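Given below, in the form of structure tokens, are the structures.
The following pair of complexes shares a single chain, subunit A, combined with subunit B in the former and subunit C in the latter.
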Partner chain A sequence: MGTGGLSRVAAVAANTFRETVRERVFYNLLIFAVLMTLSGLLMARLSIRQQDKIIKDLGLACIDVFGIVIAIFIGVGLVAKELERRSLHPLLAKPLTRDEFFLGKFAGLGMTLLVNVAVMTAGLYLTLWTVESRPDPRMLKGIYALYLGLLLIVSLALLLSTLTSTTMAALVTLCLVVAGRFSDVIRNMRVVAPAVPDWLVQALYYAIPNFRNFDFKDRIAYGDPVPLAALGWVTLYAAVYIGIVLGVGARVFRSKDLV
Partner chain B sequence: MSRLALLLLALAVPLVQGRIDRVLGEFRAQHEALYLWSGEQVRRVAPGLEGLAADVYWLRTVQYFGGQRAFAGGKRFDLLQPLIEITVTLDPRMEIAYRYGAIFTAEPSPIGAGRPRDAVALLERGVRALPDNWALRQDLGFYHFLFLKQPQEASRILFDASEMPGAPYWLKSLAASVLAKGGDRATARRMWSVIAEQSAGQIKSNALLHVQVLDALDEADRLTKLVAEYARRGGRNPTSLEDLRRAGWLGRMPLDQSGTPFEYDQRTGRVSVSRRSPLWRPGF
Partner chain C sequence: MSQASGNTPGVPAIQVSSLSKSFPTGWLGLDRRLVLRDLSLVVHHNEIFGYLGPNGSGKTTTLKILMGLLFPDRGSVTILGSPLGSAAWRYRCGFLPEHPYFYDYLTAREYLDYVGRLFSLPAALRAERARDLLERVGLAQVAGIPLRRFSKGMVQRLGIAQALMNDPEIVFLDEPMSGLDPIGRHLVRNIILELKRRGRTVFFSTHILSDAETLCDRVALLRSGELLKVGRLDEILGLDVLHLEVVISGVDGAVLAALPGVKQRHSMGERWRLDVEEPALGSVVRAVEAAGGRILSVYPVRQSLEEYFFKEMAGSESDEREWGLAD
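Coming up: the complex of A and B.
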């Protein structure tokens, strides 16, 4: 892909970003702001010396869960909506390849999620500051890992939306996210089901995206360090997995009959 | 018209709720139910959100304990242990759940669940989960002394705690004192004062109450000695503590820190904390 290709991807991404950020993210952030403010005010009274940890847990869980909801439910509609509205045809009549369109959609939602995560992170720091907790920059490392996980979910949602209906794509993506959080259970499956062949366990363990890799929330909540080496490997894992999923997705989209 | 009807209906909600509260009582105890009884079950329901789930269960533990203690008629703490168990399974590093959970569990009924052995088991679990935490070992030692009356075991654990990095310097002398003096009140007072210093809110108040109980017991002992001296000099026990005051041995009628007069048994000459006093404890 040359410079022209990149600029076309960027144009689709910018357009997708404008659309998604305008429509839904505002409400998400509003709910987050209310939740964080209330938690900041209430936790001091309810939790007995746990307000810092609870605010961090709540804030990080919100970044995680709200991000997943946006990634899945907006992600599955990105391409499908264009197909339904038939707005894709005039776009593809321009000098824009299907691959560029597909990647642009991914990048656009990635930017929306980045803004979403950034604003939520700022809200989390602000809430911690209001309860006189010392701001911990190490939190950013864990939030970065969460963001990588969200990008992986977007790529899965996009791929599945090219294969099936939006409802089914949303459902399967959600199932994959949940399954990926049970990766430890999958790995130890033979303890409870010894009849399952080892190759099947291994295949499942490596095939299903391991969303545990992106979860440093408990470390952050207790102020434990997140090693840079671990972050590096997690980044590489996300890059490889997203690369595969987007590659397959673009291939499917390329061969899709749009008429 | 429909807008007016909606407005009227909206205004009716607080009025109706007010009536319900008046009929059923504003602080009616809620029926508490626990649908998942094990931390492992909850962990499987909330993958990746164990930390938040632990917080929610901890808040529920605190609310349940407070609700039972303050509002429930027949105070029962049936759900206390499973709630704490779920909390520490979801987040084995939550120190506060071990420390405060232990006090909720250990305190005698109706203040707490009255299960000191379970409290010690909880603290032992905490020590296993957080082996570098001196405060949990300190509490374990305290509980062996205060609730199980096992000074030797308490002293051994306190010595172990005193050797850990960050442990306060006085922990070693406290361990020695426990071993040397067994179950004396001064040691217990020192332990409750430490708990009060290290805690907040209800737990701090509870620890300070224990200190007041010990003060009241000391005062009762002092008055008993005065009665004995009065009897030695006069040949008979005084008819009431008022006799001591009239004789100039007391400036005013003695009250414990809750403002309740002490009880006096003329036959035995023993002064004790009144059963009507919030500082009265069985067995003293």
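Coming up: the complex of A and C.
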């Protein structure tokens, strides 16, 4: 992809970001702000150590949950809505290729999630500061890993939206996220269901993305260290997985008849 | 804006060869419905080419294949000498889809700027083109209003503007008059004629025959996915006079009833309008003058595109119903 291609991807990404801003996706930040304010007020009676743990727990969980909801429900609609309303028809008749369009959509929602996560992170640090907790730089490592997980969810949502209806794509993406959170259960499936063939268990375990890899919330809440090596491995895992999923999605989209 | 340039001599603007397209049907999609059969046509540079046919005849499918939105089962297409898979022609073409939808959270100015970015136009040129085009299509006053507040006709005008953002050599317009009021239609007609004056090629589909008659250098007639005819309108319709329309006054109806060669007569108060066979004109004129009447006008009537189409479509009432004759 040359500079022209990159500038077109950037144009699609910027427009996708603008869409989420104007469609009021960031309203979820208000809910987050209310939750953080309430938690700050309610925790006032607890000891500093308890406050710190509960606010971190709640804040990180909010960043995770709000991010997942945005990644799935906006992710599946990004391309599907364009297909349904045919708004991409005049665009694809221009020098914009389908790959560039697909990648631009991914990048745009990635930007939206980045801003969302960044604002929530700032809110979380602010809440911790109001209860006089010391700033914990390890939280940034955990939030970075959460963000990588969200990008993976967006790529899955995009892929599925090119294959099936919006509702089905949202449902399947959600199932994959839930299954990926319980990958240990899949690995130990034969303990409770010995009839399931081992190859199927192995295939499911490796095919479904392991979202537990992106979850450092407990370590952070309990004050355990988050080694940089672990973050490096998670980054590599996310990059490879996202690359494969986007590659398959772009390939499907490339050969699709736009009726 | 510049004159069209870079046309290679002998290379047509558009060349379509043996194009066929089918869509899956049935619950499992195992059956196929053929919507375009073995379509071949050539569009020359600097002509206005009308692509005509009833709804469902395959016009939009053809345009979508030309724009790379659909993939043909068979056949090939070259645009400005480049195959469909090439990106080169996309910089030199504009496209207005049928019933366009644009992002309703953007303003008209923002949308055109977005389109300009896809052509890698510099910011100053994007702003200048957007301003000029919005002026041309009559949207300058509403350039800053979100598109969700636009009427259908305004969206259609914006569709024309975005198709011209790159100053294209070929413009593909799918039903460009759709949703437009008479003023809007007049404006689009003028834009199409201006494009031709500036050396551009226009390929537009329509089922409004009067538009084709007034604008097109050549037309292709499509029926059920098959090409019925391609050529100049006078070639297709013929130059033969069907009959003469003669308007007279001062003659009694009883006199006219006895005249040979008068196919029909219509009373218009004190005047009569007669449909006269061409060879009988002399005898009719003499008879009217002999009866003390006056010849007010003689007008040769040729076959219209609409009449031609109804003749061709005879036996297919459903097709006839699809024609927007009221338009």
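Throughout what follows, the second predicted complex is superposed on the first by the 255 of 259 C-alpha atoms of A that agree within 3 Å, B and C clash if a C-alpha of one lies under 4 Å from a C-alpha of the other, contacts with A are read in each partner's own complex, and residues count from 1 in each chain.
Basically, a contact is a pair of C-beta atoms (placed from the backbone, for glycine too) under 8 Å apart; a residue touches a chain by one contact, two chains touch by 3 or more.
Since the model is a prediction, treat every value here as computed from it, not as a measurement.
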| item | value |
| --- | --- |
| A:87 touches, of subunit B and subunit C: first, second, both or neither? | second |
| Which superposed partner A:64 touches (first subunit B, second subunit C, both, neither) | first |
| Touched partner set for A:257, first subunit B, second subunit C, both or neither | second |
| Contacts of A:190 with subunit B and subunit C, given as first, second, both or neither | neither |
| Partner chain in contact with A:218 - subunit B first, subunit C second, else both or neither | first |
| Subunit B versus subunit C as contact partner of A:138, first or second or both or neither | neither |
| Partner chain(s) touched by A:181 [first = subunit B, second = subunit C, both, neither] | first |
| Contacts of A:95 with subunit B and subunit C, given as first, second, both or neither | second |
| Subunit A residues contacted in one complex by subunit B, in the other by subunit C | none |
| Footprint of subunit B on subunit A - complex, ascending | 46-50, 53-54, 57-58, 60-61, 64-65, 178, 181-182, 185, 211-212, 215, 217-218, 221-222 |
| Parts of subunit A lying in touch with subunit C, wherever the complex brings them together | 4, 7-8, 11, 15, 18-19, 22-23, 85-87, 89-97, 255, 257-259 |
| Residues of subunit B touching subunit A in the complex | 44, 47-52, 54-55, 58-59, 62-63, 91, 93-94, 96, 100, 200-203 |
| Complex contacts: residues of subunit C adjacent to subunit A | 23, 64, 67-71, 87, 90-91, 93, 95-97, 99-103, 105-106, 114-115, 117-120, 159, 162-163, 166, 172 |
